[in-house]
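What follows is a set of structures for review.
Two complexes come next, and they have one chain in common, chain A, joined by chain B in the first and chain C in the second.
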Partner chain A sequence: MSAHDASSLLSVEDLHVHFHTEQGTVQAVNGVSFTVGRGQTLGVLGESGCGKSVTGFSLLRLIRPPGRIERGRIVYHGLDTELDLVQEPSRSPLLRQVRGGEIAMIFQEPMTSLDPVYTAGNQVLEAINYHLDVSQAAAWDMAVTMLGKVGLPEPQRIMHTYPHQLSGGMRQRVMIAIALACHPQLLIADEPTTALDVTTEAQILELLQELQTDLQMAILFITHDLGVIAEMAQEVIVMYLGEIVERTDIESLFAEPLHPYTRALLESIPRLGTRDGKRLQAIEGVVPSPADIPLGCTFHPRCPDFMPGLCDVHAPTPQTLTDGRQVQCFLYDDQRPGVRNLQS
Partner chain B sequence: MSTSPTTPLLTVEDLRMHHPVGAGMMQRRTGVVKAVDGISFTIPTGRTLGLVGESGCGKTTTGHCIMRGYTPTAGRILFHDPNRGPLDICQADRRTLAYIRQKVQMVFQDPYSSLNPRMTVQEIVGEPLRVNQGLSGPALRARVEELLTVVGLHVSAMNRFPHAFSGGQRQRLVIARALSLRPALIVADEPVSALDVSIQAQTLNLLQDLQERYGLSYLFIAHDLSVVEHISDEVAVMYVGRIVEMGPTHQVFDTPRHPYTSALLSAVPRPNPSRTHQRIILQGEVPNPANPPSGCAFHPRCRHAEDRCRHEIPVLQATGDGHRVACHFADSLSLPGIGQV
Partner chain C sequence: MGAYILRRLLTLVPTVFLITVLGFIIMELPPGDYVDRYILQQQAQGNTGIADQEAMLRVRFGLDKPAAVRFTHWLGAFARGDFGDSLAQNRPVRTIIGERLLLTFVVSFCAFLLSWGIGIPLGIYSATHQYSKGDNFLTVTAFLGLGLPDFLIALIFLVLAWRVSGDVLTGLFSSEFTTASWSWAKFQDLLRHLWIPVLAVILTGTAWVMRVMRGNLLDVLNSNYIQAARARGVPERVVVWKHGVRNALHPLVSALGQTLVWLVNGFTITSIVLDLPTIQTVYLNATLSQDIFLGGTILILIGLLVVIGTFLADILLAWLDPRIRFS
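Showing the complex of A and B:
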């Protein structure tokens, strides 16, 4: 996976992130590899505890003890030379330049991610002053422009307001303004609309799409919501218990999901307009604790296609199909004798 | 789901809940927040009414009023008891209220904060039985075991504490506790919002099974329209303290008559990447209920608003097709429903 084409902006190779707690080692991210293309949106889909947020934080090297990036490479191709973010010392100037300048992040809860004692303007200015060498007056103008760009009315006035004076949707806009102030090439959006009302969510999703076109940036969009991912992403990786179980384009995700987990997830959600009075197809059981991952395929205790003696003993490896999609399941592994192949 | 006429279980008539707002050191009264401002609806026996709206619309306050967590400012909430006839929850004395609260139970959004972490499962689920029915010893234990089985938990869970359970399992515990006194109505306030996608389906199925088995009625408060559509027979859409549209679920969703309902439906992200639709993006935000706009509260965001909407509050009126809507132009507008958006 070391070769990459010119269009890739960030490639993650075999990333392992573990949390060493008193109760044992939690393998939050367990051998994850993916590539984000320039200007593209890659969706990361998964339920709580699947490691999607930890993956996002790793890209900015924001994993704190007891968590640690155990191994793997996070190669950023946005600068003149390739930069492996894992190898960079945690206080290196280069890493600081990338963090916030090249790769920015927005979070789910806009209230807790803004500082309540600084004005919105101060917080946008901080990002600009840190990364760009501009005068105070120029920085102020840039901040006002940015607040206007994210659709806040009267940006001059917003500069002087404190977070508690703003609504949830407006706070999220301020956070987006901070993140995008230095025109990063990659935005990591970790459930950015989950805490918002549905009409506000629609506004923020539309805003992100507009800004993406405008600023030519890539987005890593982390969510649990199948509806949101359908609106935002071109490619999707589906995560379950720290592993990528499926990587696919967005159309195939919904038209022909491959992995039994993806299929079950799609069948379990109620959909608007399909009122047939039927029961939902729930997935059996619960997501196991990441501290206690099942042997073999991690999904096997809940899988409808579970094959005894195989799935609970051996761990499946990622299989690449002819159309480029990838799935980590024995159902698609024709190298393994005795395994039926659903594709044939 | 049949549409035969059924007997009402709960009737809410012109319910108002106004909170005074104070300011300054002496908390001088400076205004009121009209959290709920004159809403009426009926929940028939064995049916589900979905109450939808965005945060601050008053849907949770409505639920709390039904539990008499708040004493409403005005209006009536009649609980039609099969033995004792209609009882007004707003006027009930302590003893009547204690009785009604056995028959009306609540399930909350966050199963992490609605279970006492220092009580075992047996204590949590058994407490209502102990307090209200004086059960103890083997009888109590047997009933708790029965309830755990009903909600799909193993009886070996009896002596464990809430922290040992996942979110979905905790919500089952909350449901078991709510069922313990054999209620007729369950007020479920966002019962699946805090749960993972794969766990939501299990919980919704459980709620539907229990309804079938015990003839329960639900007031299902939620912001997720696809969940509400799935579970509700009827739906009421709230905006800034008022019901703007109400009716059988399929009618409200297929042929919405209020511009807000239509915009709400259009805003829901749909799991269908090939869908090419023109989404209605509402401008602005939900107004502050302490200072709602004049006339129709929705007019600043409504693209069909005219001068009349700024001055005159529309009343909820029956339309030809059996649902009710509060809009001056309900008859002349043709709005997209879920089929078109």
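Showing the complex of A and C:
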């Protein structure tokens, strides 16, 4: 898929986001490129700390000091003209219009994502009033409708309740109502169900799918949960230490994972019938700190297919396979010596 | 909200009663009573016959009755606004306090309003411009304000004023105005003296408010709901003031009660150093001479001030924070 395909809504090109902390520079996102198609769901998969949230926040230019977008482009194609969000001044009205109006976000922590001192209604109205030129009465009606749409009972009453009076699941529904109040074309969902119990999780996922069909929006769905991603995404990018190591369609992700990291991730989930009391196989080793990224391929210290002299010296480049899948690993690089090609 | 205020008001009753009991007990603690001291004083001046009148003096001052009875009488009178007579000055306590109360309130209230009025905006500026030149300057200044005690700052001002004008600006009025009736000139003279204690106290106060506000706001501005507000397109100005400042005020308001105590306590040494006729110096002298009605009354007034401050802080907090209002 080319980055400037007519069907693409957002394309990220070579994005680098670093945090300049007192302990040193944390390279949270390191040359990430991907495209989200209109109305599509792109899944972002990876272990904790691999830079999923930082990527999501970057798209809305919500990275605060000491963090900084060092390099790259985030091109939004949803307006009449192409807009590179990286180039927008941080307080530009256009950027504000995009936030919530074109691209909205829901967060990992529904318990703390609502301001505790204002009612749910106040915060839904805020989203509407800063984007649409409507009367107070009309805005109120829109907010109530939206709260009803996300499955909250008695939306009129919810308008007057404070966040602490709502459960986690209800708060996440309010967050979804806020995010979708102005009908954005892209929703960034950053692990929206991680903090919720399993039943609530299923309900929220179902709700998101309904609303996606209803509102024709694209979703960037961030998660570390393979089960969730199977349910939500058509296409998946797998992240490791701030890089995309694999991009694949959802069927191939499970049928034929390419990158050793992706394979290890899949092996780490317990399968039905194999739960004989043994510990499930977690990936060997720990994620290195993004402040101290290994030389060569960043996964080599944990990789079962590690090739000495190659993986710890050279950094692999993304390889596109014939079926369009992409993987960043020497195992699939014909130009390197000693490479086996799984395509044959 | 109304129910909350009522509930809070009811809890005030036992607190206030306890304050009066404690105040009374504390004033009773020192060995000997006023009559003992009075007799010693008279004997030192050669009035040897005074010892025979001891019992009569006790009856006259009401000191012969048991403590519980004296306390009940005193409390009943207190509630009616009759605070008794000062034993040392032979004047109604009410008159003595009345003379001083206004001034104390003026200085304390000015200091309070100014330190919060200046400290909060500076704290907000500091937090929203973290590590900028302005923030660094304010940080250094605040550490000076917090590091130097206010009476020392007052002394520095006093010396500076003396070097410039040649006047020693202790007390409240220059000698020619002390007994004069109120006039424009006397008022100007008051202002000429008053700025030293007020400025000394607000420097410390402002520094404290500013640092607390800065820290709170920095914490709040890093929280999830702030990022969420930005993510839905709320302008940064509104994010900071509507969502940031309102949440950051919370710990500051909780400390409001303590702030009132600080205004009363922290001001004592400054009052003594500058020879100001505030309630604090009266209180100190009353304690030193075991003048129980005067000292006890002031102690209770200070206690009440603290209770009222805490009460106001709680009401304000409940207004700020729905989690308190609805609990």
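Note that in this section the second predicted complex is superposed on the first by the 333 of 344 C-alpha atoms of A that agree within 3 Å, B and C clash if a C-alpha of one lies under 4 Å from a C-alpha of the other, contacts with A are read in each partner's own complex, and residues count from 1 in each chain.
The working rule: contacts are C-beta pairs under 8 Å (C-beta built on N, C-alpha and C of every residue); 3 or more make two chains touch, one makes a residue touch a chain.
Note that the structure is a prediction, hence the values are computed from the model and not measured.
With both complexes superposed, B is the one of chain B and chain C in contact with more chain A residues.
In the superposition on chain A, contact of A:Lys149 is made with neither chain B nor chain C. Of the two partner chains placed by the overlay, only chain B lies in contact with A:Val286; chain C stays clear of it.
Using the contact criterion defined above for the overlaid structures, shared-chain residue A:Val228 touches chain B, although it does not reach chain C. In the superposition on chain A, contact of A:Glu109 is made with chain C only, not with chain B. In the superposition on chain A, A:Glu201 contacts chain B only, with no contact to chain C. Look at A:Ala179: by the touch rule set out above, it reaches chain C but stays clear of chain B. In the superposed model, A:Gly169 lies in contact with chain B only, and not with chain C. Residue overlap on chain A between the chain B contacts of one complex and the chain C contacts of the other is empty.
Within the complex formed with chain A, the residues of chain B that make contact are 1, 54-55, 166-169, 196-202, 204-205, 208, 223, 225-227, 229-231, 249-250, 253, 263-275, 279, 281-282, 285-286, 338-339. The touching residues of chain A, counted against chain C in their complex, run 57, 60, 62, 64-65, 91, 96-101, 104-105, 107, 109, 112-119, 123, 126-127, 130-131, 162, 164-165, 175, 178-179.
Taken together, the chain A residues at the contact with chain B in this complex read 47-48, 167-170, 197-203, 205-206, 224-231, 250-251, 253-254, 264-266, 268-273, 275, 277, 279-283, 286-287.
In the complex of the two chains, the chain C residues touching chain A come out as 130, 222-236, 242-243, 246-247, 320-323, 326.
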